[in-house]
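Below: the structure, in structure tokens.
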């Protein structure tokens, strides 16, 4: 439940995403309670905590994919339920399961998940994640890291000019990615924040950039 | 020759349609079996040539 | 004796040897097969007398029976080739098995179609659940299964092995299927519609049939050889002999060939 | 249909054709049912002809039912379903696209192959027209209603074959009206009334099913 | 059966009972087929009684077929199958255990519920004994042969419903002999010969199928 | 294809696992060729290389799960094909897919994968991986990291006294595991090697212990 704040990088701007009094309980175990935060554009926010702390659960709550919580969420200072269309238009989410179809090629996968970009953009993004030459192979024939890279290529497509997604929610994006790839990814994330995006991520890696951390606590028994 | 005229050969005593349909279908299947490997061969050779060229570069 | 057999085995396992020998033999098979077929079909269509029961529709026999027989023996050949491949790890054998599947299926289709068409004038219906018809249909499904395995498995070696297993299991079952279907049919089927029992045919009807049967077998060999050669070319595309062969091969613009 | 939906349609069609097995799945099943019956019941064409309308329609219904399992499952398992629910477009649209693809891939082909089954089962000639007509009209109903069940059960670990239980009751009117339409055709009677009923049922499901499926999916994913 | 195999047996039974849906899956399907037929074909019990042996056996066959899909699939997907193939014990043993569980869970219950279906479909009283007898004797054949197909197709991305195509032809002798045994029973004839055939077929498959399945699995996993 | 050797820790002992002239090609791309190594007990061996280098492929080849390779493998100086039973008796493998059943509890999962241990041992191991209190929940209700921990508990059960598996092959064992967990795991791995075991692993994390590295190269076009 401890909440550590780095000073906001841009205090003048209005917050993008606010949480008030979030409470979540699973199997009689309180994951977090009375969680409040204001996240604004330009920030990189890391949800931290040990395995089972509730990082993914919190993300799913923010996304509106989970209903087992109490508290309020605001997007652009609007109640989340009413801002849903705007929120989702601005959202790029990559979860534990990345939503890459093993029976499609990397190119086809991206063509679906980013319908507004050109084929050339897709080839460019695939090149950026080190998959040039693999565009036309079925994804299930790729290595574990390469499969995740297909999903991560979306990050290279969501820049301002292309898909214009300002909020990135990334659940352990570095899983299975090699050293070089992790450095690349960090760079993209930093770029995105610098261009006014908001990035919320979890990872057990050490990040080489300063981030705001929301610490989720150790497990506790529910005691009502 | 069993038939006394060409037209009776075609007619086959009323069974012409059946007999010729059979022979026609058989001819098609036989032809496919003869032709398809020839086409495949062309394609295979072209593919190998292309691959060889790519590897020379 | 044993050593020469062994040598033959090793030779047969060699793609290059098979390629060359099949290139040399194919024209002869083609020639003999075509001659037999031409004689048999012309004889059967134009010269053989009409059947006193079925009239001229019986002339369908000259393709129906060869196709039926061959599609059955092709399955056995395919399974045998698969077995050799699995047990003695002979890749050539797998190639032959793979290549037989579509040919055998096409022959089974030919048998079914000609049989169905023949059924209309003789039995008054395209299809009945007769024992032979049913077991031929099942044979076609067995072929489809093997072909589907080849299509579904991308890794060639694995596809060969899997299809080999299926073909072998299928061939063990062929007699059982055949027996069960025949037995089933004799139980239920009103005796009015059964396929004519092996006719004691007049020689002028029987000889052309024999010719077309042998002719079909020759053609079958030609088809298997041709497809096998294509498979070999692709598999061995990295070897010198294929590269040489391909360099000398006419490209698509070659007007002379 | 906007960009995302077009992309989704393309993707799903591509997937269907890529895993050809799934595509042919219901068709194969349909054929199988029809070829097993003569072996198990009786090869007598006259007798078979009597049961043909029923057998064919039961086959079509079961074939659709089985293929429904795949409607959302693989998308759920690899995380694509989450992605779809997070699209700004209403979930309704997504459901409609997926049901459309399901019908094109699993329902429509049944109508086209049905005459072959009719032949194999000795369906009297009057039955062919109503057979195809009912299949064309009623397979969309099967896809639409089935989607509700698929949406409710996707991601259920204990759910296995819950689906039949949920949607079979809804399928039964279709089965009754469609098979008796074919029987009416065989006997030379008019089957306009049956078709009208099926049409009305289709209109109703078109309105209700996508909405119900969309909410079902939201519930399933929040589990 | 040594320790690992006992543990595997326990695990698979546990899994079957935990996801009760999968357990009831074939049973449900079996029931469905039987309850759809009166609706689709004719409610006349005399007429239904004639087709009952065939309908029930087709239902049993399809039900087993559908449940086979699950035999190795989930183990393949989560990596358990790899673990099993890496056990020092011969794969053959593992296959036998899994087939045994499949039969206990998906085959055997069919035999016990079949009389209910017989009642629903108006099966004449002479048919009940052979119905149960053939189901008891022949469902193991279905599980054994089905395992070959499941082993060959597990992990296939293009394979979908390849399985019916692969193994249905092998099921046909069972269908023919079993359904005509029931018919013989209905007519008051002896069905010893049928049972003998089924017994022989069972013996053959017992020898062939586990070996074939084990090699099929090795091939599938190496892809 | 570069092969970096740390000096063998124990040159006197006979090698456990030898590879001679391994060659593997995928989609016309040579992953590695002419790969030779001798691994002996007491070693920790890391297969290294970027995503798609062929680390997992090599592991599957060593395991006998893949047939698409050329070359020879020896276990205790015996041809692998003939030593298969011994090899598998000694083997503990945890791959990208960990083989944990989501419909079983952690305890049930371990009871199956380690059939020779007692219930008490299992509870002990689960405690070691931080899952005490979760023994009786279905695994699919656990977090991503906790699910992987269920599989990793096997490492705590395979010690000399219990399952006696001397060869560990671990494909990215640290995936989704938090900091604390990674440190714990490293300790177990080191202990195992010190007790005479052999550990072959891949990871994109930095290891805090010295290991022998087998470097798999960058991608190359096949050219024969």
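Letters A, B, C, D, E and F mark the chains as written, and numbering starts fresh at 1 in each.
Following the convention adopted for this analysis, contacts are C-beta pairs under 8 Å (C-beta built on N, C-alpha and C of every residue); 3 or more make two chains touch, one makes a residue touch a chain.
Computed from a predicted structure; not experimentally measured.
When the interfaces C-F and E-F are ranked by C-beta pairs in contact, the top one is E-F. In summary, the pair chain A and chain F forms a contact in which both copies contribute largely the same residue numbers, shared numbers making up over half of all those used.
Distance between chain centres (mean CA atoms), chain A to chain D: 38 Å. If you average the CA atoms of chain A and of chain F, the two centres end up 30 Å from each other. Computed centre separation for the pair chain B/chain E is 43 angstrom, with centres defined by C-alpha atoms. Taken residue by residue, chain F touches two or more other chains at 67-68, 96, 102-103, whereas all remaining positions touch fewer. Shown for chain B are the residues that touch two or more other chains, of which there are none.
Chain contacts: chain D has residues 18-21, 39, 42, 157 touching two or more partner chains.
Residues 102-103, 138, 140 of chain F touch chain D in their complex. By the touch criterion given at the top, residues 20-21, 35, 38-39, 42-45, 48, 119-120 of chain D touch chain C in their complex.
Within the complex, the chain E residues that touch chain F are 3-4, 6-8, 10-11, 14-15, 18-19, 74, 77-80, 82-83, 85-88, 221-222.
Of all the residues in chain E, the ones that touch chain D in their complex are 18-25, 28-29, 32-33, 36-37, 39-42, 50-51, 53-55, 57-58, 61-62, 66, 156-162, 164-165, 168, 172, 175-176, 179. Chain F contributes residues 67-68, 224 to its touches with chain C in the complex.
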